[in-house]
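Two complexes come next, and they have one chain in common, chain A, joined by chain B in the first and chain C in the second.
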Partner chain A sequence: MSQPQPSLAPKPWLSSEATPFVRIQKVTKKFGDFTAVDDVSLDIYRGELFCLLGGSGCGKSTLLRMLAGFETPTEGRIIIDGQDMAGIAPYDRPTNMMFQSYALFPHMTVEANVAYGLLREGVRKAEARERVAEMLRMVQLTQFARRKPHQLSGGQRQRVALARALVKQPKLLLLDEPLGALDKKLREETQYELIRIQETLGVTFIIVTHDQEEAMTLSTRIGVMNAGEIVQVGEPPEIYEFPKSRFVADFVGSVNIFPGRVVEDEPDFIRLDSPEMGGTIHVGHGVSCTLNQQMWFAIRPEKITVTRDRPDAEHNVVQGLVEEVLYMGNLTAFRIRLDSGKTIRATRANLSRQEHEPISWDERVWLHWGDTSGVVLAQ
Partner chain B sequence: MKRGIFLPLVTVLGFVFLYAPILSLIVFSFNESRLVTVWGGFSTRWYGQLFRDPQILNAAWISLRVAVVSASIAVVLGTLVAFVLMRFGRFRSRALLTGMATAPLVMPEVITGLSLLLLFVSMEQLLGWPAGRGETTIIIAHITFCLAYVAVVVQSRLAGMDQSVEEAAMDLGARPVRVFFDITLPIIAPALVAGWLLAFTLSLDDLVIASFVTGPGASTLPMVIFSKVRLGVSPDVNALATIIIGIVALGVGIAMWQMRRAIRRDRE
Partner chain C sequence: MTGARRVTESALGRLGLSGRALVVAVPLVWLLVFFLIPFLVVAKISLSEVTIARPPYLPLLEWDGLRATLNLNFENYAYLWNDPLYGNAYLFSVRVAFVSATLALLIGFPMAYYIARSPEPRRTLLLTAVILPFWTSFLLRVYAWQGFLRSNGVINNTLISLGIIDTPIVMLQTDFAVYIGIVYTYLPFMILPLYANLVKLDDSLLEASADLGGRPVATFFYVTLPLSMPGIIAGFMLVFVPAIGEFVIPELLGGPNTLMIGRVLWNEFFANRDWPVASAVAIAMLVVLVVPIMALRSAQARAEEKR
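For the complex of A and B:
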């Protein structure tokens, strides 16, 4: 499946000259004793589709609400398009928000919902009607214009909410779990839709989500949050393939993590001794570490090959017993118990439609991975 | 499960107990005979006589005015109270205010009436207002206890309302006052209607508090009925009571219908 990626070349976050569109500077938000957002600094560039990714209660929604103006930072500054947002009320900000609950006005028709923001702006009725009609055409709701929100399905409501937030052509669109309530199929469709809209209108998007798959598909960059802090910012492949911590590795995608002690530290390879793995792990590139340092080795399930026969390789070969086989259509997932007792997850793409004697329960198999397939983490 | 005779029987008896007196009152309001307990054939003469009795018409007019004015003011004030309790987050003495706003619901009417009377008398001595007692003092008294009912009804509606709808309006450029009139008010409107009708019927029903705080020349309908009954029940009182029951039943019915419609809409 080719992933739709917003065409945003050159990537402004790589250039030192580009001016960020949104600057979040050392922002902290406390509710009483509880610190919801802890010293977050973040630069987001014009035209980006930035995802704030994190579990519930990690502070991502609070950060979004501070951008919208519903919460005031306890400390720090938020600058949008060169303007300091301190003391600026939500109704005066160049942002619009799409709420998790959609927050449609229940007593107004779809049309009136979408037109509301334009009329508050002082747009003339005739023009507003035109722009609303155009917007509804874009989200394919023209024939529902005169319905009330309670007469719509979840997916339609979500599109009304999106249209309502977009019709004012805000400089910055904030989306709080925009696809949360949709089923998988509709969610995928809407993801493409969001990217298409983002490309056509050139609006900057900040999306809050707990769904790592959604973040991967949609975003130009992802900011992973944990306990009120941004733990890593990067492009989706960077986050996935080069996580900086066990938290990120584990939160984004699934991963096997083995603790290990550095027993050999050379410029072009290191070796970790991992009793949990039942041997040593060979990493084929240099890692900044010291001898005997405690490290963690993280490897994703799809980077492990599962075979019946011992692979012809020098390093990174272990044996285990198949404990579980999950057929998932496009791939098969194995849970394999190593001789050390630890369970490891591995997946395998189902390349052919019918496999001759597929690997099954209670079989002893060999596991192998390339010496640059995993990541060595210091924390 | 086999349904015995017991449950339906108890239900029927219960309703008979509740409504037989009212039903007999309604039936006897159409009685031709002057004697209240003897059936003398169907007639609407007492209704006719009622509408020719200046004392009763005057009292009905006063009651209606008092009920409309006090219900309207109680809705405005009660809504404000509900808003403060629901929307201003946690502030000092919030619990105290909640308790105090709803205390009149359980306060004995005699005490409310007496304390209001004392207040009015001392206010007149100190401030010169309200000068004497009459319709104005009844209205003020009714506002105080109706306010509590309205506050409770509106508060429950606000509690069930998704606050992000208000935030969404603000996000789209509406200032807080605008948000209130465009979004909040239409959403809580059923509660306001229900609260108003509740206050209206409570005010229309009240005898005790009105008796305390009224003055010469301002007798409400319940007061007139009560004084008439003390001299013996006359058939025209039955007719009057029937009309009042009709109005009250209609008011409560509409209030309940409004609330249920709002709840049903929320569920969807």
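For the complex of A and C:
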């Protein structure tokens, strides 16, 4: 594919000299006949905040548990900081994990839970107490230090688990759905806190999440997983704007997808015939494809303009009927039924506070998008 | 069906009984009839005087036609207190029971742990194997140990034929045999509560400990052991308490010096036919036992609360 690539600042994953901190090489994990992780290869660099993003049951936790040492890969190798992890027990690995179920020790206070890792490491009691206190301050649990886990709310428990994993400042931190139970405000604060820790301590993070928004805001790079495989790895804008497959396009953000057949294939543009769109889609850059090939055109709702009057454009103009208008504050979302019967989603930023005669239900409107606004996908 | 129910309910209602009261009443009546009343009878006998008659004690309450006289006789307790035989038997019983319960714990814990960590078909199989001995008579099993332990028994014969020893080791009629018998008999009572506790132990807690740098030994002492405390205490009680009053095992496997309180009791009742002293022994044993039981119970309650 010769689609334009995003311009990126120099980053370790772009340089051929940088040595990865974590190397996952052709790792497969089978439970009986079931393949939970399927031939995954991944390089993660020092200081990264890498997100594994995927739906429930796609193998994210299993991959993380192999890094922590709780599962042994059926095939493949895991190398952390230049050391092959085969046969190395969890307590000898330079990793700490925050469990999806938190796994707090029910018989210990919050304080004792957080101190546990330090004491096992041989840190002296006085120093451990200090570091624990500092950690609890950071996750705003100071006044709960003497409580037992069962006396805490879900969000508080999650913060204890986070504190317990962070306090040892390991080289590699593995977080399994770390922010799921937090409310929006605390979640954002914790996200900033994670980024701050990553920047000040230089700890490498691997975070598992099924929340694409969280992955977008937090990570240096995202690895999208589906059915045990890594389907795409890239920086958040790359994943969002240049998905390589319909799965990624659909999983990350919302998208309209039109199947289409290549009817013109020129070096600087192609045209797709799409009955669902009700015409031909003009794509303003070259795409490696063959004539008559079945392709998919994916376009995000915010890249479609909705107008009452026909826009002054040559290509990519269709008409439809507004079926639904959702006011969402910062933007307005439309669901529009095309004449072909397909419904598509389009959004519009609410630039002014009060619009004169806003577009509403049952109106016929014109839709238009630029000829480089969408992505052509072969799969 | 509903009609019948309504009739019973209204009948009960007229008696002032609700369904709930009935459910609570059944075990209460049971305890009253089979525990409290016999206890009171024994307590009464322990305060009376021995005589050669049938029953072999004098009544507490005497009625000479004009007045009732209450003859409370504390002699029996004073006798227990003054004759060192009884105190020694108590102490010895407690010691045997404590050592046996500790041994059962040391043997039972790894077994319970292994069973609880086993995958499903094997787990049920092992659990059944633990309960299996109950299917034969307890008495038969203790007799079987006689066959193992006696001078020309299985163990000595094997060792001699292997040339490891020349003369048989005396095992039967020793304290050693009593310990073997008690630990063997009561082991399932240790394993079952421990198993019930350990099977609930969350794997991810052990993983979390390992992840935080806890080696297996540290994980055991800081996580597994504290979390299994309620099971340990329950198992300990189930072995310790009945072992104190154990009669059959010391009688069949122990020697003449193995004077456990159960045997003393038996001798007072049936050999000496001194029912009042025997009853006093029983009551004193109960009182002596209540203290450690209460201590264990409160320890258990504290351990439960920690979870």
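Basically, the second predicted complex is superposed on the first by the 369 of 379 C-alpha atoms of A that agree within 3 Å, B and C clash if a C-alpha of one lies under 4 Å from a C-alpha of the other, contacts with A are read in each partner's own complex, and residues count from 1 in each chain.
Methods note: a contact is a pair of C-beta atoms (placed from the backbone, for glycine too) under 8 Å apart; a residue touches a chain by one contact, two chains touch by 3 or more.
Everything quoted here is computed from the prediction, not taken from an experiment.
In the three-chain model built by superposing on chain A, chain B clashes with chain C.
In the superposed model, A:Met97 lies in contact with both chain B and chain C. Judged by the touch definition given at the top, the superposed model places A:Gly234 against neither chain B nor chain C. By the document's definition of touching, both partners, chain B and chain C, reach A:Arg164. In the superposed model, A:Phe105 makes contact with both chain B and chain C. Look at A:Pro301: by the touch rule set out above, it reaches neither chain B nor chain C. In the superposition on chain A, A:Glu121 contacts both chain B and chain C. Where the contact sets of chain A with chain B and with chain C meet, they give residues 68-70, 89-91, 95-97, 99, 101, 103-107, 116-117, 120-121, 150, 164, 168. Within the complex formed with chain A, the residues of chain C that make contact are 202, 204-205, 207-215, 218, 222-223, 226-227, 306-307. Residues of chain A that touch chain C in their complex: 68-70, 89-91, 95-97, 99, 101, 103-107, 116-117, 120-121, 148, 150, 164, 168.
Contact residues of chain B toward chain A in the complex are 162, 164-165, 167-175, 178, 182-183, 186-187, 265-266, 268. Residue ranges of chain A in contact with chain B, taken from their complex: 68-70, 89-91, 95-97, 99-101, 103-107, 116-117, 120-121, 150, 164-165, 168.
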